[in-house]
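Heads up, there are several structures right after this.
Shared chain: subunit A. Partners: subunit B in the first complex, subunit C in the second.
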Partner chain A sequence: MPVLSILLVRLLTTAITLAGVAVIVFFVIRVVPGNPIAMMLPPGATEEDIARLSALYGLDKPLVTQFGIWVSGVMQGDFGTSITTRQPVLDLVLGRLPATLELSIMALVMAMILGGAAALTGTRFRGGRTEGAIDVANGMALSVPDFLWGLVLILLFGVLWPVFHISGRVTPSLDLPFTTNFYLFESLIRLRFDLWADIVAHMVMPALALAIPLAAIIGQLLKQSLKETMNLDYVTLARTKGYGETRVILREALRNAALPTLTLVGVQFTFLIGGTVIIERLFSYEGLGNMAIDAVINRDLPLIQGIVILFAVIFTGVNLIVDLLYTVLNPRLRHA
Partner chain B sequence: MSFLSIRNLSVRLKKGPPLLRRVSLDVAAGEVRGLVGESGAGKSMIGKAVLGILPPSIEVTGGEILLDGVDLLRLPPALRRRRIGALCALIPQDPLTALNPSHRIGPQITDRLVDILGWTRADADRRARELLAEVQIPDPERVLRSYPHELSGGMRQRILIASAFAAEPKLIVADEPTTALDVTVQKQILKLIAGMQARHGTALLFVTHDLGVVSKVCQHLSVLYAGMVVEDTSVADFFAAPRHAYSAALLAATPKYTDPSAGLIPVPEAVIAAVQAEVAAFDRSLADG
Partner chain C sequence: MHEARAIDGRSLVRRRAGLRLWLSAGWLGLLCVVALFAPWIAPKDPLAQDLFLGRLPPFWMAGAEPGYWLGTDSLGRDVLSRIIHGARVALAVALIAGTITCLVGATLGLLAGFLRGWVDMVISRLIDIWMAFPPVLFSILLIAVLGPGLMSIIIAIVVIDWTRFARVVRAEAMAQGAMDYVASARVAGRGRLGTMMREILPNVLPTIVVLLTLEMGIAVIVEAILSFVNLSISTDDPTWGGMISEGRTSVHQAWWVLVFPLVTLFLTVLAFSQLGEGLKDRFDPVLR
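Coming up: the complex of A and B.
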């Protein structure tokens, strides 16, 4: 019942949020200077040419009318046609979505593993040199933004010791038998480990660049709450039962300490998805973010709108998942 | 031979003042010893030292804690932990914080039986049901499946008592087990602990600041002031005629519910000055040699 009511409330607030996002993105990108039609036509096109093409895309109508046309289309699942590629926006966006989802989730998993390991090790050896070293590493990871980590990784593992691919999502010469765009996932399902290894070798660096700052945040916060939890009465009681330090941390403290971290991971994960825009550009990774930058450069208004709406859907979805997870992990919230 | 024998135990804040000053006391098998003193006298510290749960900011500077003849302080940490886990248990002070909020009650009672002592899950579950019945919890099945937040403070303290007796320890440290409870529940819980102790024949180190409690459950008693044992005596002797002036003042300060008009009697300042002088003299004698 609580899960259901959370879902209902969330669906309603999500609808309101998306409506707001739709209004803002539609009008803001039309206020910003730059005419998409002028970008499409070769230099020296006449005013008449521009006017004719504008009429073709409905850009000559009043703004409010354009908005009405767009919204009614969206309601029916038609997000319009990309001005630059002349393909349906929905097809383009959904075609790129799997690439960005796979990259973000891989980065999130990496961040949780790295951050979790740092926090657990730091707690296990708290008060000593190991914890000090972990704090220093955390501080470094946190003070450098993701795209700079991307450059550092390219230098290290793309140039000095070239073990990973620095560009693209998969080696272009490979033959892909895939029916979906979830390459990483589908290659596993099809047991094509050769392809899987190639895809992973392309994803490791962009994912790691996204993961490092988030790992540092997770590591710091989780270690802090683990250390606080380790002083609580029920942990002390568990010690008297004969359990060793590691087991006490993992079984008694971790679950309770993970709750505040989880909320933060939800918020930070949306920042991470935002970070894919630049990271995908840096690694020429064919995802949504890379497409978004092209769309903005070309003033491809329908495509920009589609991408922004999709990002908004992802963000609210992530927040919903975090809230549901929180209820699962914290029994005190289940009956509330 | 005493089951627990503490010899000249000294404990201090790391690079700070002493918290226990050469404390010695014995608890024979099946015996109940009370540890009394005002807040900060170090009574809980003794229990923590025995159970190996002193905070990291505190260090043991000398003495022995002989548990069944083996000095715990000389054992390597892993062995010490296992020995304490097998022979001792703790009844904590605050039942509201002593149960893990994200685990069900059942595993919190049975985990040590299964993980440390190697019982089968079925045996451990049966044992948990028996124990909950013994501490008079109605509907043990439901309680074992509950989370701590679903139960009252009194229920949780009963569960913690049941859990402490689960592995039939030889020694239980009860650290002010009734202080955090409602007055109406305190009496029941006290009776419960005394009854369980008698039935199971467990030695009990009972930390409290309440001399009324001591008179009901303890046979022996150590009075502490500033980490020093000022009197070590049988409960009968103590209530008949305390030997130390501080003990006598402490006893006189116990509120008497039969005569509310008497009000509260503080420990006289002269007595405090005298016992503080005694502590200072003790510290000097240690420093001299």
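Coming up: the complex of A and C.
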């Protein structure tokens, strides 16, 4: 199948997936007990007030009509108005997205560095104690999810040896000259290294908590494919040329062993982004996930819908890109 | 020389695998006993508050009170007794939610992988949709809908995590379905359902058991996460996640309120997953 038709099929299934997510989230949260409008008004509000405000938010219409209104709005880029803050959902969500993206990407980079280092060291010293130790550490890292690693990190580097911040995204007393919400990126562009250091000190702990399980997966898979590659003829040839073991691993084996790991990283990255929800909560990091939990607690229906849809778009988008990259990079699949 | 070391290493790995299987099974067994006999084992009433005994340190530190082995929380409740009673919720969720999730997910996966066709298409699309939800957010949403309580947590876990089983079992069943023994069973006159239950299922079963063990660990974590955002059972009943959530806020004044439930939770999750990994090494050549 040529690349174009694969692309079309994938776009179609992605559209079906997103539509499914929209339907499910819309109807599921409307079963929630507790009238969001009643929660907004001060105690003592009359039935009439509630009815008026419900009409304002369109919550008095039949469910299917509400869904139609919402979907046609979304199609035009209008995600409705948040019930708690009375601001457009799209503005709120896009305002928080940079924080979550920066955190996820930082975590991904950390996971690749840690996992890569573990795999390379394990391959270099394979069969010995070092590899055994790396396997055990990998197994531990893999067994315990990000939420628990976050708590462990809080104890170790927030309480026992307080070197990093364990709450927030930036020290609140600092004056921020930023025009975008990409603090980490913008502080670097503006050469404000003082701010940059403060932001990094806030991000290291949550990012590391997200990175540890993924680093273990990368470490395991990369080591496995490196070890397989090390037995191939061309690697033996490089060895007979007299190259040292480290050079053979880095220069000859790594390039071939990396492809299967890279494709896996794409899928795992969506799991990592999903993990930001609870990690942001744990570290009071002002990102999308933290806002999502608040939205559920406050019964802010339009905001919940917007956030879930955005997450779904990110997840399916990442998967789509990975699939396409894989098709392009792997010539065997192109004509399959 | 390389070869000899590699072989030596491998037998070391096997011995270690046996050890971790026993260690994790031992910890989980101990936990089961503790959960079953919690009212008799716990030294104190887990709900009894005593404001004069708030934030007592564990027994080896100065200022500890005899009888409160692991100290008390800000309301003067005994940490050890609360951990012991919390094991009940954790294990109930692990066993019940894990088993139901397994049944639902494995059945759907088996049907999709063996029957193929439109059944597979519907189930695969559903899996795609489910994978596009951030799971933690999804579970919090469901609890908001269902209301707090043990039942809601179990339902939320089943609704969210069935895809873990369905995805793997579907792929497995497809692979098995393509094999000769399945074709010969059909030729020999077995019906579709019979082939699925008698031929495919036994071959997929080891995979399912491993996934089930892993899922139990995940269920314990989900319960803890939901307690952490205050959406679990109720704030009074002792749960590990609830204790952790409370300990997180007072970690600078009383670290033990966070550390002991965290260590318990950590070991339990580790034990479930090591048990799964150990079983995988032993019985299942496919997942290895």
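In the analysis below, the second predicted complex is superposed on the first by the 295 of 336 C-alpha atoms of A that agree within 3 Å, B and C clash if a C-alpha of one lies under 4 Å from a C-alpha of the other, contacts with A are read in each partner's own complex, and residues count from 1 in each chain.
What we mean here is this: a residue touches a chain if its C-beta (ideal position, glycine included) is under 8 Å from a C-beta of that chain, and two chains touch if they have at least 3 such contacts.
Since the model is a prediction, treat every value here as computed from it, not as a measurement.
Asks: Contacts for A:256 in the overlay, against subunit B (first) and subunit C (second): which applies, first, second, both or neither?
Replies: First partner only.
Asks: Quick check on the superposed pair: does A:58 touch subunit B, subunit C, both, or neither? Answer first, second, both or neither.
Replies: Neither: A:58 stays clear of subunit B and subunit C.
Asks: Once the shared chain is lined up, is A:168 touching subunit B (first), subunit C (second), both, or neither of them?
Replies: A:168: touches no partner chain.
Asks: First (subunit B), second (subunit C), both or neither: which does A:239 touch?
Replies: In the superposed model, A:239 contacts subunit B only, not subunit C.
Asks: For A:68, select first, second, both or neither according to whether it touches subunit B, subunit C, the two together, or no partner.
Replies: Neither: A:68 stays clear of subunit B and subunit C.
Asks: For A:177, using the defined touch cut-off, is the partner it touches subunit B, subunit C, both, or neither? Pick first, second, both or neither.
Replies: neither
Asks: Determine, under the contact definition given at the top, whether A:127 touches first (subunit B), second (subunit C), both, or neither.
Replies: both
Asks: Could you let me know whether more residues of subunit A are touched by subunit B or by subunit C?
Replies: The partner with more contacted residues on subunit A is C.
Asks: Which residues of subunit A are in contact with subunit B in one complex and with subunit C in the other?
Replies: Subunit A residues touching both partners: 127.
Asks: In their shared complex, at which residues does subunit A touch subunit B?
Replies: Checking each residue of subunit A against subunit B gives 127, 231-234, 236-244, 247, 252, 255-256, 329-332.
Asks: Subunit C touches which residues of subunit A in the complex?
Replies: Spelled out, the residues of subunit A in touch with subunit C are 13, 16-18, 20-21, 24-25, 28-29, 31-33, 126-128, 131-132, 135-136, 139-140, 142-145, 147-148, 151-152, 154-155, 158-159, 270, 273-275, 277-278, 281-282, 289, 292-293, 296-297, 299, 304, 307-308, 311-312, 315-316.
Asks: Given the complex with subunit A, which residues does subunit B contribute to the contact?
Replies: So the residues of subunit B touching subunit A come out as 51-53, 55-56, 78, 81-82, 84-86, 88-90, 92-94, 97-102, 111-112, 115-116, 147, 149, 160.
Asks: Quick one: in the complex, what on subunit C touches subunit A?
Replies: It is residues 2, 5-6, 8-9, 12-13, 16, 125-126, 128-129, 131-137, 140-142, 144-145, 147, 217-218, 221, 224-225, 228-229, 244, 248, 251-252, 255, 258-259, 262, 265-266, 269-270, 273-274, 277 of subunit C that touch subunit A.
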